[in-house]
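Structure first, then comments.
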Amino acid sequence: MVDPNLQDIVNFERKKPDVYGNAHPKNLLRAIVEDGEYLEKLTNQHIYSADQLDCHTLLQLFRLAAKYEANPGRFSASLQGQILISAFYEPSTRTRLSFESAWHRLGGDIMSITDRSTTGIAKGESLSDVAEMFNNYGDCVVLRDSNEESVKEMMDTLRIPIINAGNGLDEHPTQALADIYTIFKWRPELIAAQPENPIDICIIGMPSKMRTVRSLLKLIAIFSSAFKSVTIVANEQENTVFSPEQKEQLTEQGIKVNVTSSFADSVKRADVIYINAIAWEGDTFKEYGSKYVLSDQTELKQDAIILHPLARGEELCTSLDKTHHNWYFAQARGAVFLRQALLTCLVRRAERVLDIV
Amino acid sequence: MVDPNLQDIVNFERKKPDVYGNAHPKNLLRAIVEDGEYLEKLTNQHIYSADQLDCHTLLQLFRLAAKYEANPGRFSASLQGQILISAFYEPSTRTRLSFESAWHRLGGDIMSITDRSTTGIAKGESLSDVAEMFNNYGDCVVLRDSNEESVKEMMDTLRIPIINAGNGLDEHPTQALADIYTIFKWRPELIAAQPENPIDICIIGMPSKMRTVRSLLKLIAIFSSAFKSVTIVANEQENTVFSPEQKEQLTEQGIKVNVTSSFADSVKRADVIYINAIAWEGDTFKEYGSKYVLSDQTELKQDAIILHPLARGEELCTSLDKTHHNWYFAQARGAVFLRQALLTCLVRRAERVLDIV
Amino acid sequence: MVDPNLQDIVNFERKKPDVYGNAHPKNLLRAIVEDGEYLEKLTNQHIYSADQLDCHTLLQLFRLAAKYEANPGRFSASLQGQILISAFYEPSTRTRLSFESAWHRLGGDIMSITDRSTTGIAKGESLSDVAEMFNNYGDCVVLRDSNEESVKEMMDTLRIPIINAGNGLDEHPTQALADIYTIFKWRPELIAAQPENPIDICIIGMPSKMRTVRSLLKLIAIFSSAFKSVTIVANEQENTVFSPEQKEQLTEQGIKVNVTSSFADSVKRADVIYINAIAWEGDTFKEYGSKYVLSDQTELKQDAIILHPLARGEELCTSLDKTHHNWYFAQARGAVFLRQALLTCLVRRAERVLDIV
């Protein structure tokens, strides 16, 4: 006779809760006409900065991500025979598993390096030589390193594509791509050249110190028509809030930029609230804005959505998880498909998944 | 001209030595009629405790394990497209490779986490958020953690199945399942409702301190008809030998329970001798009962078999390896097939391997 | 509008530069007649020492490697269903990725152990028990350990093949196989029983301290007809330069052996220059011969080629990378195919790739 209390503890549901909202990619799929020619650009570029792709190429990428998300099991042989070198010299499980899951789902193989000290770098080997080694062993590289320059040094020698998965404080382009992908799934009409109702986004974080925010602001500038204003909520002086050019990149595109420490005032006006508290700096992480807390008691617009790159701490209260504002889980889920789309194009397998090649 | 001494050193045999006894699963396969409906229960449960399944479900699991063991190469595509998240936060190679081998043999993909410090947990991320991440990245989780509560905290949020591969001092259910599977392969008649010759099992170990023993005693209670007596050989006071309820769970089922420090007397009367000396406690391991040594000089019943979850130290002498008492290698080998059976059912792929679905 | 400077940084070429010389394996493929019977020997041997195979078997291995290198994508299912246990107890990324890439390219699965402290060895488990565990979980083992005896202890119990990927200061046989494979691709006529123009090889390294050199000298002795002389350039006394028998193994075969500290004089006369500066000793590495530097300013024979097992430091200047002397990248690339050939034979899959079985 099995203990009924135990049954309660061990039983689980597979069905996703409703908090994913209408995160289904169908509407975005319909909103973008497939045009694979733009994806050709992705066959000879490393993915280093959120700045490097134009909005047409990005929309095709989002469409391909939406296609993957709408048909999770269909393309399971797309990357067959391809080897990913997953190099995470800075600790990470979330981003590493996101990339590795994306690659596995499409049938590829993976070699992981999670300990920088096991590499020849410990013996004084140059990153150029490490790159030449990768040329012989794999088809694609994903790299995270607290050293900002590593990815650039390797890009010089690599003849296979590399994705920057976070280089020091600099950038984390695929995270930002996933963020914008999520926003467009939520409101596909924002992809128009002149959207009727551009949105106000409130970012609780430090643009100068968080690579996720740095990359995100660049993409906001590229899709400037979709955004009316960007409000940074930070407890710091404005001159430390932004790195050089960060603010100008937005204002040049006609986006209104505010910096304030008024948390409550800002979040209640925002259509999208993006929150992040942790910046990983070198060997350790630092928390910013620890007095800001989003919870189900926070006054928000009726239809506002919340994004967070995760991992989260106390700044994003679990009381919001079961509300319709929760799009941060959909964001994490969509990131896998966004990475699938990007990886497929980089290793020249897009022809296996596009309708028109 | 190649050095003949070198030839001696480098040549090897592939044939398994006879010490595996008649560990072939054929007899167990014949003894249990397939009834896949019981395995349906395994499609929405986490595997946390040896207590949670009834004997009918367990027998079907053993039958499926025996089917796999009798046909090692046949079902190599059963888990195609499925991703296992192999999270071993407490050091282990044996159990990790056992699960990973099981999953690979059935055609699945694996993502490994072997360093707790690389996870968001190091940044203060909740286990609930880690579980939500796993929901998006994989299809099944195996977790070992010296923190006893981790698996339970994750079970709350997981929408994919998790197997407890060892949580602190608490349980290690699949090890115990492998132990009982081995006993039933040895004597299939013991699965009967009322076996003619129930056995005496002697356990050299600490039920209160060893999760392998804790889980094993629970399964002995479930298959109580097969066991006449359980003798614990320990060099401790009885009140420290058992955790609360451990002894009662057996005596309630009519099994005679003894505690003694008389090693020689106990082992010479036992049909099955189960021995373990190491308990992994937090960061380090502790040895118990180091004065107990089983060797080919130990007086044993003619047909007695020895089980050990391995790794072993001096308590189980290698002089026994080539004797017919050695069923501990068969136990390790069978554990892979037992895990294959369990994993297949958990990710709802049983229909690919059962005769009647 | 995308920043053109950024475009320069992120664009890359896939085409291999010319420095690979005529490293295409075609000529070697034509020079050796396929005779798979010799490869039968590789179905029941561990690969421990460069000494253990005769030249006929080695030539067939090289031919199979050349076949793989000439047709990289063709045999991608050869190792399907096979599991490699990749155990690197001594830090390495290069050799580990080389083996893992080789195995993945042929469709096999991999389980990695990169941290010795997670194994039962930390609990005092014997290597014999670890080997027995491997027998149950995988089909082939690759092992690197700073402990010289580990591989031998495991070989006793293993019933699946193991490749020594570096045991302390002792040997690294597959590296040497890759070195000779590279030399024969460069000059296929050297495989003849009596080559017209045997070569002079100059080794800048320490035969007594570098396992790569130790293994290489053994293979040079096996293919002694191809070599006129071996010159060791070292800044040490001759009695420390060689281990016992190392020099004799060469001179017995009629090869002239010199030891000198005259770097410039030696390299300008050599047909092949093999250079290595780092020996990994236990927990740390030691540099030898740090005053020797090969650069594009070094006087070399017109057609001389340079080999280096990599990782390299300042001893091999990057100014040589774009010259036709650079065969060290081809060496690294070819090593993957050499390992593919060896692994295929060890796990008895050669019949899938040979023309005549």
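So that you can tell them apart, the chains are marked A, B and C in the order they are listed, and the count of residues begins at 1 in each.
The rule is short, and it goes like this: a residue touches a chain if its C-beta (ideal position, glycine included) is under 8 Å from a C-beta of that chain, and two chains touch if they have at least 3 such contacts.
The structure displayed is predicted, hence computed values, not measured ones.
Taking shared numbers over all numbers used, the chain A to chain C interface scores under half, which places it in the different class.
Bringing chain A onto chain B by least-squares fit of CA atoms involves turning it by 120°, to the nearest 5. Between chain A and chain C, the centres computed from C-alpha atoms are 40 Å apart.
Along chain C, residues 112 each make contact with two or more other chains. Contacts from chain B toward chain C in the complex involve residues 1-3, 6-7, 9-16, 73, 76, 88, 91-94, 96-98, 100-101, 104-105, 112, 114, 278, 285, 310-313, 318, 329, 332-333, 336.
Contact residues on chain C toward chain B in their complex (touch as defined above): 44-49, 51-54, 81, 83, 85, 109, 111-113, 115, 117-120, 122-126, 128-130, 132-133, 136-138, 152, 155, 158-161.
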